[in-house]
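Dropping the structures in below, format is structure tokens.
What follows is a pair of complexes built around chain A, which joins chain B in one and chain C in the other.
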Partner chain A sequence: MRSTRRTTDVSTSRLLEVKKLNVHFRTPEGELQAVRDLSFSLQQGETLGVVGESGSGKSQTMLAMMGLLAPNARAEGQVIFNGDNILNLPAAQLNRVRGPKLAMIFQDPMTSLNPFLTVERQMTEVLQIHQNASRGQARAASRQMLEKLRIADPLRCLKSYPHQFSGGMRQRIMIAMALLSQPDVLIADEPTTALDVTVQAQIVALLRQLQQDHGTSIIMVTHDLGLVAGLSDQVMVMYGGRVMEHARADDIFYNTHHPYTRALLESVPRIEQADDALLAIPGMPPSLRNMPAGCPFAPRCGRADSDCQFPAPLSLVTDGAADHRVACHHTGHPV
Partner chain B sequence: MHSLTPAAELERSPWRDALQRFRRNKAAVTSLVFLIFVTALCIVGPWLLPHAYDSTDWDALKLAPSLAHSHFGGTDESGRDLLVRCLVGGRISLMVGILTTLTSVALGVVWGATAGYLGGAIDQVMMRIVDIMYAVPYLLIAILLVTVLGRDFYLVVLAITAFSWMDTARLVRGQTLSLRKMEFVEAARAMGVSTPRIVLEHIVPNLMGLVLVYATVTVPGVILTESVLSFLGLGIQEPMTSWGVLIHDGAQMLDSAPWLLILPALMLSLTLYSFNYLGDGLRDALDPKDH
Partner chain C sequence: MTSAFPTLPVPQRLLQVRDLRVQYAVNDSLGFWPRTRQLEAVKGIGLDLYAGETLGVVGESGCGKSSLAKALMGLIPSRCSQLKWFDQDLTDLPLKRWGSVRRDVQMVFQDPLSSLDPRLNVLNIIAEPLRTHEPGLSAEQRKAAVLETLSKVGLEQSLLYRYPHELSGGQCQRIGIARAIILRPKVILCDEPVSALDVSIQAQIIQLLRQLQREMNLTLVFISHDLAVVKHISHRVMVMYLGSMMELGPKDTLFKQPAHPYTQALLDAVPKADPRKERHKSVPLLSGDIPSPLDPPSGCVFHTRCMRADAHCAVQAPSFQVSEVGVFACWHPLLRP
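Then we have the complex of A and B:
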């Protein structure tokens, strides 16, 4: 019901649509589910922030979308991009999508570049493979992109090897590489986690600038709510492989519904707080091996009661924006 | 802002760093110089010496080495100049060693990297083939090959290659298993790079250090294998010779003409030592963790 209504009021410029994505892992201890019934859509030029603790399934979601899951993993559902379901694409066709259309920046810039190849060889590879660019053309384009990312002396940079750069520089090179073929969607999996705070701010500013210039859609995976607040149009909070809350960024921050989202927001340190007032969510995220049958957050939730033994469906909130969805028995509104 | 390292350090590839460490290793550098010297001597020497490797000097049968006559290294029982024969034999031995190592390492790298990167059933099948190759008695096959196809230099190379690539394949497969989990491989996949290209462009360059070290220790093994084949009469044919053949012939004349064994054996063992020291030096240079 709701989903059909949503289709009519959102314009048709929907670029990427994920429907009921499930990711399972075959392990010696049996089958584990890392992502459960995940759905969202992304329009051109929009930014989606995906927030969650380690093990919430956010990275596996992104890997599934790129067709990069581990061999023992299986993805079900649909990832519709340009009319194709990426999950079913054969390898050759998939390679025409990822890179030129759907690019990804990885978490650790220190290990994401090949230590034995020059920056030039790694950057120009994308253009040479996908656009049949000549060496000269590819080099010129790489140089321009490095300039855009405000790297001093891009020619010298191209001739250098990864170990000659700092983490921030390498991440910028990674971003330059990902943007080189002007992808429609850029997936950034915790792109600033390995960097120090000032460099983080620079990278975020760069991403925002590049989004304005190219109209790229960005999926920003992070556990840093501050980063999400500054960058995202919509925010999806994940926990235990499920979506807990999904709304426009403003709604998530100013009209928080899910107890988990609230707990996350409260645990963000504030500068005016006293030193000893660092709030943490009690307990640990559940492991995939013993996921609670009901709401995965229930064991750590202050509001949990007997209802929470049953999974809460993702439903519209009782008050607030039309596209604000939450998976909680206490704040949700069954459809 | 983050800026580049100073200009002096620029364009320093991992190879350049290794070269610097290699230069500080005296034994390895000496070995390299010696190998270059021996190779050059084998190539140029026979032209400069007054005798041909296959011509008989009837006035000088089984002559002991001396500076008093033109056969500095002595002659064998057929009156052939030993020094020239050692140098010509060195050409063959070094050529077999280097050529066979190149082909066997190339085969091993491609085989091992493919098996390691693809994994799963393909890996299993490819590595079982390696196991089978280990189980086949290589001398038997070499004898069969030579009997059926006749004796030929390239056949020797082929026969030794066929039974020396498996070590490299195993080594490379192991290394590839850990490399394929590296983020830069995943990043390359995320860029839409095809599987063969990932193996050749991203995995293989990372293996080169290991492979280079392994190749230098393979060369002496191959030279020895050629000696064994020649010793059994399966390798190089008279009047052409190799170090293995010379040592074989010399060993039979040990009582009456010991120099026939000593000179080729000295050249062979010094060369083998040098390759081993070179391999050690390369390993240290390419693996900074050991320092």
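Then we have the complex of A and C:
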């Protein structure tokens, strides 16, 4: 039974499939839901961009997929990777998947590197644990990876501590560490938010190159639509723990259906636009404690009416690509 | 709304600063013996500020944009050959004797939450400048002024007795702005005012600043690392790198036809929300990181990362070339058609 499922997965080359993922938090004020009914699938070599503001549930989705949720959190649904549901795996088995197969880069490279250990110790650990490499092999592999990421003087880098590097260098070390075991899927949670644009461009070029060389699938979590535009094959827009729109990147940008996606595109100042019109979205994103019962964007939406008291199901659009999904009651036509 | 200052007939000059330098003493001890070195965060910047305009300041982190703002505010000591705010010569005046300039120049800070005193409520935070500069006001008068300012920045009166931790980032930043405008200043220096905010809130704060500028005839200095935001709000833009000014010009010229290779590199690095173009983008990237300001490169500070640099750039720093559309410092500027 399990083997047949695995073969079908390979034939459609679906590397990762998330079905109806829900994340709840137990808090003193009762149970809060951070992610609702999230589903997507990712093929080999594909990049998924996940866009959303703070509190949209994008980071919690990624942590759930890595089995890294906080102790008071509970994930339901399925995250199928190589035929196994990761959410139900015991810790020992999970550790054989995350790290070697599913790797994650975190937002803040300073707080996610251990300040007490040298870069070498932190990098070689990955290979020594997961691939039983000797210290010498692990060091050689680490050095090669640093060279690939165009870090000048990799030997000196290995002997240094995280605080001796700039933010861009630290982020590159994080990426090198994540790529050491050649993962099938790389989850990057706001990998360039803390960095300058010039360094961001370097990191993006690097990710693109690595994807070409190794066929790695990437999940890029960000609030920056520009970053998503250049890298992603498919884009998922999240708001209030729900998926608002999910489509090919071109459809998200050129055939926008959801009012929130449209508002997001119009409210971000863009360098290529001569036009000075900037349409701010009134109000602020809902907090988990008082999430609207219906569509979470309804209180800020110009098109909201009485229908929006009920949540809109994520359904296929009538006049677009076959895989263009949108959760809105008013999307007969592109906004 | 005029866009560029050269077209204005006689713009009123509010600030005139020449050769501004900011130095910090940093600890460089090796072993037992104490040793300090001088880090020059701002190296000889000269600029003018005109009434009603918005001057954008962009650059990578560590380029000295915040130090520049603090020096102009008189928050940190600096040296210069000339500093004039509103025709008051402050060149060699100690910071304590800046007098009315303190009232007329206010600042909005980057981190909306940590720039507000957690032990004061909204009323006391916004009223604090009044207590300092208008001690004669009664409590009722102060409260009335605070209420008026609150409505100006689009906040409800019900927030009056709340504390900062009860508010969202956008609300905190509005309070920071309210505190800055309550004295009706002439100039506001905004140091990365929207960087810590969510994208949908960013647009609200930018619109608020523009609206206040129109209503109160404010002059803004807008510091940011986000070029798109700066382009959106500014009339003129200054590009800084390692404490030096690289280029200064009207927004339209600077963003369409930059003269300095660094400006061009910054512009190229910004990702655009347009998948078809962005996917096939192949621009030469700036390599490496910004050099340490403790050990700046010789000659032109940008030569170590510049595509157009040659041997001469490493030897001698370029002087400013002034044209009708701004100034720039480069030996090999990009040609303007």
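Convention: the second predicted complex is superposed on the first by the 312 of 335 C-alpha atoms of A that agree within 3 Å, B and C clash if a C-alpha of one lies under 4 Å from a C-alpha of the other, contacts with A are read in each partner's own complex, and residues count from 1 in each chain.
Keep this in mind: contacts are C-beta pairs under 8 Å (C-beta built on N, C-alpha and C of every residue); 3 or more make two chains touch, one makes a residue touch a chain.
Being a predicted model, the structure only gives us computed values, none of them experimental.
J.: Please work out whether A:D323 is in contact with chain B alone, chain C alone, both, or neither, and reply first, second, both or neither.
T.: neither
J.: After lining up the shared chain so the two structures overlap, which partner does A:G168 touch, if you call chain B first and chain C second: first, second, both or neither?
T.: Both partners, chain B and chain C.
J.: Quick check for you: in the superposed arrangement, does A:G230 touch first (chain B), second (chain C), both or neither?
T.: In the superposed model, A:G230 contacts chain C only, not chain B.
J.: Quick one: is A:N95 in contact with chain B, with chain C, with both, or with neither? Answer first, second, both or neither.
T.: After superposition on chain A, A:N95 lies in contact with chain B alone.
J.: Please work out whether A:H130 is in contact with chain B alone, chain C alone, both, or neither, and reply first, second, both or neither.
T.: First partner only, chain B.
J.: Do chain B and chain C land on any of the same chain A residues, and which?
T.: Common to the two interfaces on chain A: residues 150, 152, 166, 168-169, 199.
J.: Which of the residues in chain C come into contact with chain A in the complex?
T.: Interface residues on chain C, with respect to chain A: 60-61, 168, 170, 198-204, 206-207, 225-229, 231-232, 255, 265-276, 278-279, 281, 285-290.
J.: In the complex formed with chain B, which residues of chain A make contact?
T.: 66, 68, 71, 91-92, 94-100, 103-104, 106-108, 111-118, 121, 125-126, 129-130, 150, 152-153, 156-157, 159-161, 163-166, 168-169, 174, 177-178, 199
J.: Over in the complex, which chain B residues touch chain A? Could you list them?
T.: 1-5, 9-14, 119-120, 182-184, 186-195, 197, 201-202, 205-206, 208
J.: Quick one: which bits of chain A touch chain C in the complex? Just the residue numbers, please.
T.: 53-54, 150, 152, 166-169, 196-202, 204-205, 223-230, 232, 249-250, 253, 263-265, 267-272, 276, 278-282, 284-285, 300
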